[in-house]
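Here come two complexes built around chain A, the first alongside chain B, the second alongside chain C.
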Partner chain A sequence: MRALNVEALTRVEGDGGITVTLDGKRVKSVTLDVHEGPRLIEQLVKGMTPADDLNVVPRVCAICTLSHRYAALRALEKAIGIRPPEKAQLTRELMMLGENVESHSLHTFLLALPDCLGYPSAIAMLNDYADDVKRALRLKKFGNHVMAATSGRIVHGENPILGGFGKYPTKKALEEIKLKSHELVPDAVRAVELFASLEYPTYSEADMVFMSVNAPNKQYGFAGESILISNGKEVNVEDYKKLTSERVVSHSFAKRSMYQDKPFTVGANARLVNMGKRLDGQAADLFKEHYSDRWLKNPLMNNLAQAIEMVWSLEHMPELVDKITSLENPPIEQPTREDGAGTGAVEAPRGTLYHHYEIKKGLIDVSDIITPTAQNLDDIERHMRLTAERMLAEEKGDDEIRLGLEMVARAYDPCISCATHLVTLKRI
Partner chain B sequence: MTRQSPKVGIYGFTGCAGDQLMILNCEDQLVDLFGATEIRSFVMAKSDNHEGDLDVAFIEGSISTEEQLKRLKEIRDRARLVVAIGTCACHGGPQAMKLGEGKWDEMYKKVYGSAKIHVSKAFEAQPIDAFVKVDLYIPGCPIDKGEFLGSVSKLVAGRHPYLFTAPVCLECRWKENPCILYAGRFCGGPLTKAGCGAVCPSHNLPCVGCWGPTNDLNVSSEYKLLKEKGYDPDEILKKIRKFGGANVAKLLKDLEKGKEAKP
Partner chain C sequence: MHKLRNTSGDTKENLRKQLEAIAGDGKIYVLGLGNTDRADDGAGVLVAEALREHFPSYSYSEHDGVEGTLLDISERDEDLTVVFVDAGDLRLAPGTIRIVECKDIRSTEITTHRVPVGLMSSLLSKSGKKSVVVCIQPKRTKFGRDVSREVACAVGQTISVLQEIMASRNLS
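Entry: the complex of A and B
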């Protein structure tokens, strides 16, 4: 019997750890433990007005703050009968592109790349990869800029509200975004080249099921009214519970999801598997060049998928800005009823995010939030288990196994909300 | 004389990691920040973390499990200064909005049912000063880059940082925003600490109170303003306790008492 403790699953957003129990060459169990303390947000918003709920729920996650706000807005507006004006919808799309660039640049360059290149952090990469670290910071800063221009603040901006925006971004701010997004495309293309040039270990490979929203009008996008499953099925977002069937597990304060009793994956790779053919511009070319059957079984491809998506997000900003600036600022749409229910599904950078609300007499009666990482946890464990089994069979050392497992977990860009991570490898 | 760069640790507990993210969001200063200080531990950003004695521990998040409590005390023991960053660490944050009302067990059961979770025993989230001494509070949801970097520069230079004590109304006046209260809408600005740049009122939106309660000496007249506008303490509490938790309740209680004391 042998036990091996490994320090810190670092560079992920959240307080979690991995415990692998090894019995000789057999993997007894692999668990991703979530140590993040419970917050009970869904219970706390009960009895609040929809507007008050919108102040609280984005605080579930700082990196996905606008995805939470957008999912909540879609659900709440449906529930109380608000039809957001076209300008509001387009401005929300723009804020999502900003969040996508911000989150993906942080994850690909600064959190995942150090693994692949063998550094403890992006800061440690400065001597050898100064240009790429600077590229990452440029992209991230710009993503943040778009988030601030649309939502009012870099993190937890309150500007997107029910029925519209407190204040629409100025034409000047939008034109700046248009110009700058165009300039930054080569930085994102470099991210694609970098992640395409890396060797990806095959240990974690296995057939996967992917889910993402189905963006409207056969276009690529980050919100929709139905969910695409890579087996060809499509499900209305109001039936989200059929897809996610949440349950509680003993080693985590994060709930888990299964589809037809099997784990599934959400995220940029899922979006590209389901909607990659809808990409256009340079993103489409890069997708065609780099997409292969491996994407269907190797979760590590999510890093490359995020890089391609970043190109698409930047390329789409100018078009969106033109549409937004062509419209007058509309008045804020008001609720048309006090009772109702609604589900909103959006694509957070790390996967599909659901918010569901039931409203009675203008106050929240039921709220249900299902985060992408909660949906991914079972599949992360499955791929880590395969990785551990196969690396053990090849008699790899503990350090190598540990890195292999961390890479799988990190590739999912998990967002557990961050602190004392612990990877524990127990050999019995 | 050679100066050693201060040893810094950056930690996160129950919250959204937004304050640690704001540190990473200082894109233009990040390299300098890592240069001017010796960042010994920052789990969200790097793998080579070394615990040990610290000059400053920046702590984000509220405390909601036994394991976190143990870790918090351990960090306090080896840090010369403990700085609470963000509203969760300073006041408990959204997860502590009903602190002390005794409804937590019931809510917990509704979320997790009777399932046994053996990660660590959980309890209702509380600000870090409920358990350890805090030397400096940098509130915000999330913290403001300027306030954070300004504080770090002062600390590196061995001086006491300057932070706002005045309410949001001060910054709102500086921005020359029309007053939301005078337009007939509730606004948390009068009782909320400044530092955000009055961001919500600048977007024609009421202050949501995310910096937590102000400790300005003039707060009683600000409170009077709210009451003159017809808002009662229960309503005010409901609106702004979302972030300030029990500390908002305490402030309002003190203000009510103060009012009664004066004829």
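Entry: the complex of A and C
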């Protein structure tokens, strides 16, 4: 018997590793081990006011900081009876587009592409793909800029608050975003071209189930009140526990999720499978050109999905800016009750993120956060096992198998740091 | 914070001479790295923020967005050197300052959260720009602690050296 370890899974966020135990030509077990310590955020916010919660929970992650803030806002506003004004909703949509571009540009060009092109890292890629590394940094910078303009800071912006915004972006800042987003579309299209030109290994292929929010008004988007499942079902976000069925495993600090006893996928590929036909502009053309049945079974297609989504995010910004600038700055809406419960579901760059709160007498009594990576972990393990089995059957060497497994894990764009705050400690 | 090999520290005069030799006649851009919430780890940011008062177009910190700042600098049509200032575990006495060439830095992997100095210095090199790291040995890097006396002194020295060099070439 031998163990094939990828002890430190690089180019993902957080401390994780893959262990594959092989028994001759048989794969005995495949585990994505999460070593990050639990963060206990859900317990930490108990007894806090909703406003204080907003200062704490985005600290779960410095890359999906605005997704966490938005999910918390949607849940808390629902719980205490706040209906955010239209301008606030549109500005929140804009901040999510910025986060999407920021995160996807880094993942596609600098984290996933080296695997696909056969380089050990983006640094090694520089000699042949310097322009693409610059594209990544240019897009990332712009994503950061949109995040800062809307939320107040590059990381952990405090501007989006209950009932609106502390300060809305100026017309000048918005017009700059409109102009620049248009200029950067070709950089994102280049990402699509790169990922569409690649030969994707088939080792990991198997039928998949995809989940994403159902954006309102039959449009593409990153927030909604129901969840679309690729089997055709639709579930209200308040019933999120029926979709996620969390459990604990011995080799990981992160909880796992199953839907009807089977792993499922969240992320850009899930969003495009469920809502791809709603895309417009060049993103729609690119989706039509490159979408195939392989998207339904190969997790590596998530890289291409992210690239197409980046194009849509940039193309969608000018329209949003026009809508935002046409509206006056509204007053901040105030809570209408002290008790209530609510669930917020948004699409973080790497998949559906749930925040659920129960409020009693104006203070948080129950908090539940389910991150996309925690939902994807079972699916990652399943596709890694298939990859290991099929590569072994073809008598591939250890190094090749190791790379094959890492490519599958990285394609999900996992954020292990976020996923590990989910364990509840019980003392008896 | 970078982990570097064990080497001896530099005096203020040596620092100035080394930096001037590396930079040639070109301008100096400072990029301060680190986390000011973690005591001495924020040394680079403290240096950059102090220098920004005198050289607002030439001194940036982690808070400005590292990758975007570097990309802008790499595309400038001028002879320049980027001086990264960061806390570095040199295994020397706290507050020791040491100049380290970028090629000697362990090329840590890119993560979802940040791009390493290795990639940024390679990108600068590709664009014909020079870069170097001024490392300051931290004493403590725990969350919520104050900057140690030794590192505060080193921060002051680094500011003084860089201010002197930048005044002679960046403002001319």
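Rule of thumb we're sticking to: the second predicted complex is superposed on the first by the 411 of 428 C-alpha atoms of A that agree within 3 Å, B and C clash if a C-alpha of one lies under 4 Å from a C-alpha of the other, contacts with A are read in each partner's own complex, and residues count from 1 in each chain.
Everything that follows uses one rule, which is that contacts are C-beta pairs under 8 Å (C-beta built on N, C-alpha and C of every residue); 3 or more make two chains touch, one makes a residue touch a chain.
Being a predicted model, the structure only gives us computed values, none of them experimental.
Engineer: Is the arrangement of chain B and chain C around the shared chain A a clash or a fit after superposition?
Structural biologist: Chain B/chain C on chain A - steric clash.
Engineer: In the superposed arrangement, which partner chain does A:Val235 touch: chain B (first), chain C (second), both, or neither?
Structural biologist: Neither: A:Val235 stays clear of chain B and chain C.
Engineer: Using the superposition on chain A described above, determine whether A:Thr65 touches chain B (first), chain C (second), both, or neither.
Structural biologist: first
Engineer: I'd like to know which partner A:Ile154 touches here: chain B for first, chain C for second, both or neither.
Structural biologist: So A:Ile154 meets both chain B and chain C here.
Engineer: Of the partners chain B and chain C, which touch A:Ser121 in the superposed model: first, second, both, neither?
Structural biologist: In the superposition, A:Ser121 contacts both chain B and chain C.
Engineer: In the overlay, answer first, second, both or neither for which of chain B and chain C A:Lys141 touches.
Structural biologist: Both chain B and chain C are touched by A:Lys141.
Engineer: Counting only touches as set out at the top, which of chain B and chain C does A:Leu327 meet: first, second, both, neither?
Structural biologist: In the superposition, A:Leu327 touches no partner, neither chain B nor chain C.
Engineer: Going by the contact rule set out at the top, does A:Leu106 touch chain B (first), chain C (second), both, or neither?
Structural biologist: In the superposition, A:Leu106 contacts both chain B and chain C.
Engineer: For A:Asn55 in the superposed arrangement: first (chain B), second (chain C), both or neither?
Structural biologist: After superposition on chain A, A:Asn55 lies in contact with chain B alone.
Engineer: If you tally the residues of chain A touched by each partner, is the higher count for chain B or for chain C?
Structural biologist: B
Engineer: Tell me the contact category for A:Leu44 with respect to chain B and chain C: first, second, both or neither.
Structural biologist: In the superposition, A:Leu44 contacts chain B only.
Engineer: Is there a shared patch on chain A that both chain B and chain C touch, and which residues make it up?
Structural biologist: 10-13, 62-63, 106, 110, 121-123, 126, 137-138, 140-141, 144, 154
Engineer: Which bits of chain B are touching chain A when the two form their complex?
Structural biologist: 11-22, 24-25, 27-28, 30-31, 34, 43-49, 61-65, 67-68, 71, 93-95, 97-98, 104, 107-108, 110-113, 115-120, 122, 125, 141-142, 145, 196, 199-200, 202-205, 208, 210, 239, 242
Engineer: List the residues on chain C that touch chain A in their complex, please.
Structural biologist: My answer: residues 63, 65, 67-68, 70-72, 74, 107, 109-113, 115-116, 118-119, 122-123, 126.
Engineer: Which residues of chain A touch chain B in the complex?
Structural biologist: 7-8, 10-15, 33-44, 52, 55-56, 59-63, 65, 106, 110, 114, 120-124, 126, 137-138, 140-141, 144, 152-159, 161, 165-167, 248-253, 417-421
Engineer: Can you list the chain A residues touching chain C in their complex?
Structural biologist: Within the complex, chain A touches chain C at residues 10-13, 62-63, 103, 106-107, 110-111, 121-123, 126, 130, 133-134, 137-138, 140-142, 144-145, 148, 154, 413, 415.
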